[in-house]
Amino acid sequence: MEIFAYRNKAQSVEEGFKAEDLPALLADESNLVWVDFLGETDEEINRAKDILLNVFKFHPLTIEDCLETRNQPKVEAFPDYLYFIVHGIKPEITNSTNFVTKELDGFLGKNFVVTFHTERFQSIKFVKQQIRNSTFVCRRGAAYLLHQILDQLVDLYMPVVDDFDDSINDLEERVFAMRKGNDAILEEIMDLRRAVTRLKRISARQLDVLYRISHGEFPQIPETVLPFYRDVYDHLLRISDLSENYRDLVSGLFDIHFSVVANKTNDIIKFLTIFSAIWLPLSFIAGVYGMNFENMPELKTRSGYFVVLSVMGLVTAVLLVYFWRKGWIFERKKDNSNNG
Amino acid sequence: MEIFAYRNKAQSVEEGFKAEDLPALLADESNLVWVDFLGETDEEINRAKDILLNVFKFHPLTIEDCLETRNQPKVEAFPDYLYFIVHGIKPEITNSTNFVTKELDGFLGKNFVVTFHTERFQSIKFVKQQIRNSTFVCRRGAAYLLHQILDQLVDLYMPVVDDFDDSINDLEERVFAMRKGNDAILEEIMDLRRAVTRLKRISARQLDVLYRISHGEFPQIPETVLPFYRDVYDHLLRISDLSENYRDLVSGLFDIHFSVVANKTNDIIKFLTIFSAIWLPLSFIAGVYGMNFENMPELKTRSGYFVVLSVMGLVTAVLLVYFWRKGWIFERKKDNSNNG
Amino acid sequence: MEIFAYRNKAQSVEEGFKAEDLPALLADESNLVWVDFLGETDEEINRAKDILLNVFKFHPLTIEDCLETRNQPKVEAFPDYLYFIVHGIKPEITNSTNFVTKELDGFLGKNFVVTFHTERFQSIKFVKQQIRNSTFVCRRGAAYLLHQILDQLVDLYMPVVDDFDDSINDLEERVFAMRKGNDAILEEIMDLRRAVTRLKRISARQLDVLYRISHGEFPQIPETVLPFYRDVYDHLLRISDLSENYRDLVSGLFDIHFSVVANKTNDIIKFLTIFSAIWLPLSFIAGVYGMNFENMPELKTRSGYFVVLSVMGLVTAVLLVYFWRKGWIFERKKDNSNNG
Amino acid sequence: MEIFAYRNKAQSVEEGFKAEDLPALLADESNLVWVDFLGETDEEINRAKDILLNVFKFHPLTIEDCLETRNQPKVEAFPDYLYFIVHGIKPEITNSTNFVTKELDGFLGKNFVVTFHTERFQSIKFVKQQIRNSTFVCRRGAAYLLHQILDQLVDLYMPVVDDFDDSINDLEERVFAMRKGNDAILEEIMDLRRAVTRLKRISARQLDVLYRISHGEFPQIPETVLPFYRDVYDHLLRISDLSENYRDLVSGLFDIHFSVVANKTNDIIKFLTIFSAIWLPLSFIAGVYGMNFENMPELKTRSGYFVVLSVMGLVTAVLLVYFWRKGWIFERKKDNSNNG
Amino acid sequence: MEIFAYRNKAQSVEEGFKAEDLPALLADESNLVWVDFLGETDEEINRAKDILLNVFKFHPLTIEDCLETRNQPKVEAFPDYLYFIVHGIKPEITNSTNFVTKELDGFLGKNFVVTFHTERFQSIKFVKQQIRNSTFVCRRGAAYLLHQILDQLVDLYMPVVDDFDDSINDLEERVFAMRKGNDAILEEIMDLRRAVTRLKRISARQLDVLYRISHGEFPQIPETVLPFYRDVYDHLLRISDLSENYRDLVSGLFDIHFSVVANKTNDIIKFLTIFSAIWLPLSFIAGVYGMNFENMPELKTRSGYFVVLSVMGLVTAVLLVYFWRKGWIFERKKDNSNNG
């Protein structure tokens, strides 16, 4: 638990307070207090629960929700405070095309912001750094401080979203470059689909939350701060739009993989057909002259063998010309699109 | 029929009442009465009907709906009470990827909760246990007691939903591992699709009901209890979102099954083509020297046979190199994705 | 044209009135009059037109709509009456998976119900029987009488909808059981798709109509009767939900048919490949020893022929083992799903 | 430009007025004036522009829109008049499954209707005929006259929509009847898809316009005329619903074409496989006895040749039975669906 | 930075002002000032920032958004001005089926328009030309001037949208004309899909912005100018509708490509089958008479060889007739659709 307080329009933000100092800090409405709980151990969670219940006196149900994970993003208004759940995302370490979500719970009051999370957030670390360096953010009040946290959190979506773009392009290139139907690429496409679907779901819920916060529904957010929230909303809207886009493109990857395999199968069958079409008649001719009839005049001629060899050559040539005219071999130039 | 009553802010909840006691219990508004009907036999159903009609004097149409099954989830407000239908789900015994729904009908009045069901509900059993152990739930009134039942009922959705997740992952793995197009897997995917579609439909209707209950539309739910209902709503929202997700993934399974089969067909055809391409020319060469022309100079040479065998070996080698360069055999290393 | 009247809270409903009696019957507001027109012939239609125009004085446009068929379900309010169009459905005689719609037009006034239809409705026949047996329905007024008709009409949707369920299951089974790609099954699937799409369209429009009627928009429906209309609405909602479901499942049938055919093609090609792969090398070996070179030492050995036959057996065995290891023949047991 | 005027409740509608007569005609509010511009030449368009600007004094922007084509259907209210754009459709001459749209612009005022179009409309011609025959339409005022035009225009959608139905059925039949994958049918399906998509788009926009007109948004339409507009709206709604339906069915045609081709490919491959499976072993047997080993005891037997021929017959018979049992040839009767 | 001012209802628009002149120009409410920033270099951007912040005193957040790129179209109202972001599009130079977007930020006040862009806009250049030639636009005020810019900007969407139409038609033709499955065409279809998806996304957001501007939400737009904005909105609506259309058609291209490849594969396999079916039995016959049995009576007959050759000819003829009757070769005339 870390407590930050900005008191008496001071030159700097103080920190290092204890739980016991909280009631006094909160009592003075001109202070701004930020309590950030990191619930990594059961002990930390219990301590947080105790403070949320006894010092802040939040609704027991929201405290329960707050300490749990696996919740949906939401925002709920109470007379004195706002309770919200948002999700941060970060790339999965072992799989660059996937990501994991982290839940950030919080409360916004007149002069306080409370945040609770069981995993470390880069965005929160960054905002702490910011308020240590300058009182600019804190001077603007609790709602602005919270905006700053959410803004950083949403900004960290962008690299993940950009990764998707790269992954889709990369997969598309590999699909076109592949030499044969490739189950491994299919698995990657399915993984991507899963991830994009999740991103869409998460950003849609989050968008709901930010829409409600940024459109003046809650008196806890002063009107002067609303434009800043709308800005966060706009960023998230872009992410949500993109994830919708990606879904389309990923399902296009399936179509393409499938079509490329169909093209390859077509190529192979064509090869088989041409090959068979050439050798089968030649073998037949050889077979005819392998027959053991006593009376086969050709067999006795001097040049019979060579004539037959020439006929075989001729048959081959005719067939090659036939396939060439059909466009099956040695593609003709007037075919304006060529096959990589 | 089981009747529970919490009277005079007593230390414990009483049970074991008879139908005759109901009018007196209900008359005192400070009591909280829960009547739970289990309509397993026609006799039980008729008895329930009698009590609902003559003691509680509910609208005849709602009583009819209540005693029937095969209804949609819904909630209807009457001046003195609320009538609702919700569905519980449990996994089907014979088929882990499917589930069956059970209808729970009920009425919520100022000081009473009535529940009717033709099948046993684990959630109701659990809440009974809870109120036997502690008066905590009953002290908070009828609406809170009902919330407790619904909360337990919705919680039991989660294991079913998690099973879907496992089933999809398991099926995906099996699709990638399958050695050939597999109708049995297709049947399983279709079953899953059916089940997920049903889950989506059921949770969507249920969501409607809980939305209306939890957003202050009905005066029967005091405002202090609303956050608890919103909590149930949030859980259901998560389930509904997930089932939407699953639908996408299941229809992705079809695509994958299809693509994997296409890949396998492609592999087989390639094998056939390579095989034919090697043996056909060899057979032709053998056929040529099987011809019976009298004048075939090669036949008389000492080493003709061995030269021809060598030529056959050469042709085979050339073809193998050709296919290897085409990437059809002995995949080259620079192909960065390999096929399991 | 049949006229029913319930007068002076009588013991029974009277019938057998003539058109001339209508003005007197309608003038007394305590009567309930039901006029049911069956417009099977032009003469009947013209007579109905005359009465609707001159006795009831309905809006000319609604009368025109009423006498036509091919209209969408709708409801329109006029100061003194409500005009509605709904559709009944019945299975097509020649094709159990299809159904035909029948238009029922009608008017609801303070003390009258007018129904017009060009085809016979089982639901109307049933309600007539009901009011002949008991005055219960009529005592509750015109809106309740109309509700009774609509309730019966919607109830008759259910068998058709259940038939769809059976048809889909039956088709799915036949797709999995089919021995080859089957155009006839495809045609049936397409017919089913057509029928389900129609059902969805029709029930969606009908739902609109019943939503508006059952949610208190029209003063012609007294509030005490609204719950009965909501009950009809709920039934229709279930039908509409199911038809949405069926659409999904039917389009799944296409996917499955296609995948099953792909599996079968894969099986056949595998068979062809294995067959060719075994006979081609054997034929080649036979071809080699069919060559006519003078110097082929093997030919002169005593056991050459038998050695070659053994080699041929060996080649076959090696190939069979190879295919067995590839999983193409004699499926190995560890493959946990088997192909019907 | 044709001008029609209905003056002083006269017995007939007058026509043949000049542009100069318009101000006088319009000044008398008891007149009804219909000015119909046909802008086939630039000169006509300029003349129309002049009158719209100087006599009617419409908003310059609407006049610009009015004289252009390629606009979306819309309706806009101005204090004294209503400006609307609607589209008529007619079948394309060269291609029965396609249609062309024609833009009809117009203005509705208290006592006038102005219509402008660059192509001839059958519906307008028809309404002109109607008002020449009877003053019935004109007596009911400007809004009713406009309704009459729109009603006729929407009625002419119906034949086109019915043509789609026929085209889809016809194409479906031809897909099932086709003997091989057919690019020409694919092209027709794609054309139909294009046309249906367009119809859906056009009718959707038009529906918007008629919804707004028919639901009392504009004071220019008296309430007594609204039911007539709602009637037009209902017709359009049916067309819009049908076009949505058709879209589904057309995309089903793609699926079917594809499946039918897959079935045919399956049939062909099966044929190839059976053929190869029969001749390959026979050829092998012949090959074996074509070998030139000196010591091949069978060759010397009297009946060796005939025994081998019999063995060949036996092999063929065994294979045929095998394929018959697999259901690949001579379909067995218990297969209840047969392939056309 | 270019500054235009229209002062004192002058005969012409003045330009060439410096940043220092701005406060004076803006102070007089009867002036109309247009400041157009082109932020191609960092220096220009900084200068713009300075003026926006210190002279116009816009909200810092909007200035930040304004100077950034990669924003979504949006419009935000402030008490004294409106802030908007719109996107222009232009075809990509290297790829005619793709396009790039350019962000245009701007502010609209009572007597000023501010535009900021980092790339050159043809539409802005055109409007500058227009106001240099005539004061017509400026006389109508700031809102009209902005309308003029947006109108030009949206007009430049049209050529890009028309290009899509051409690209789709062109691709469709090439798909039908292609001689084999073609990865290059697939890549083009995928590129088109990407571009159309983007167009849809961008025009949808833009439509939102223009809807809000043109429907009287903002007091900065006088009511007399609203119809002009609605006109721009209508143009954009058409573009948005078309892009929705194109998406459908592009995804149809995938289906068609796939079906055409399936047809081609079918053709090739049919060719292979026919070829094999003819040569395999002929080779078998030759093989039979190549056997070395001592007792093969036919071999000794005079005409045996010629009889066998005739039998071979007969077999070939029978097979050809068989395939012809099956419709596999020499398509019969009654097949009314022919394959290009």
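Order as written gives the chain letters A, B, C, D and E; numbering starts at 1 within each chain.
The definition used in the following text is that a residue touches a chain if its C-beta (ideal position, glycine included) is under 8 Å from a C-beta of that chain, and two chains touch if they have at least 3 such contacts.
As the structure is a computational prediction, the values presented were derived from the model and not from experiment.
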item: Interface residue overlap between copies subunit D and subunit E, same or different (over half shared); value: different
item: Length of the line joining the C-alpha centres of subunit A and subunit D, rounded to whole Å; value: 40
item: Approximate Å spacing (C-alpha centroids) for the pair subunit B, subunit C; value: 25
item: Residues within subunit A bordering two or more other chains; value: 258, 262, 264-265, 269, 272, 276, 280, 283, 287, 290-292, 296
item: Traversal of the chain ring from subunit B via subunit C; value: B, C, D, E, A
item: Subunit E residues within the subunit D interface of the complex; value: 172, 176, 227-228, 230-231, 234, 237-238, 241, 244-245, 248-249, 252, 255-256, 258-260, 262-267, 269-270, 272-273, 276-277, 280-281, 283-284, 287-288, 290-296, 326-328, 331, 335-340
item: Partner subunit B, residues of subunit A touching it in the complex; value: 59, 61-62, 65, 70-72, 74, 76, 174, 178-188, 190, 193-194, 197-198, 201, 205, 254, 257-258, 261-262, 264-265, 268-269, 271-272, 275-276, 279-280, 282-283, 286-287, 289-292, 296, 298-305, 308-309
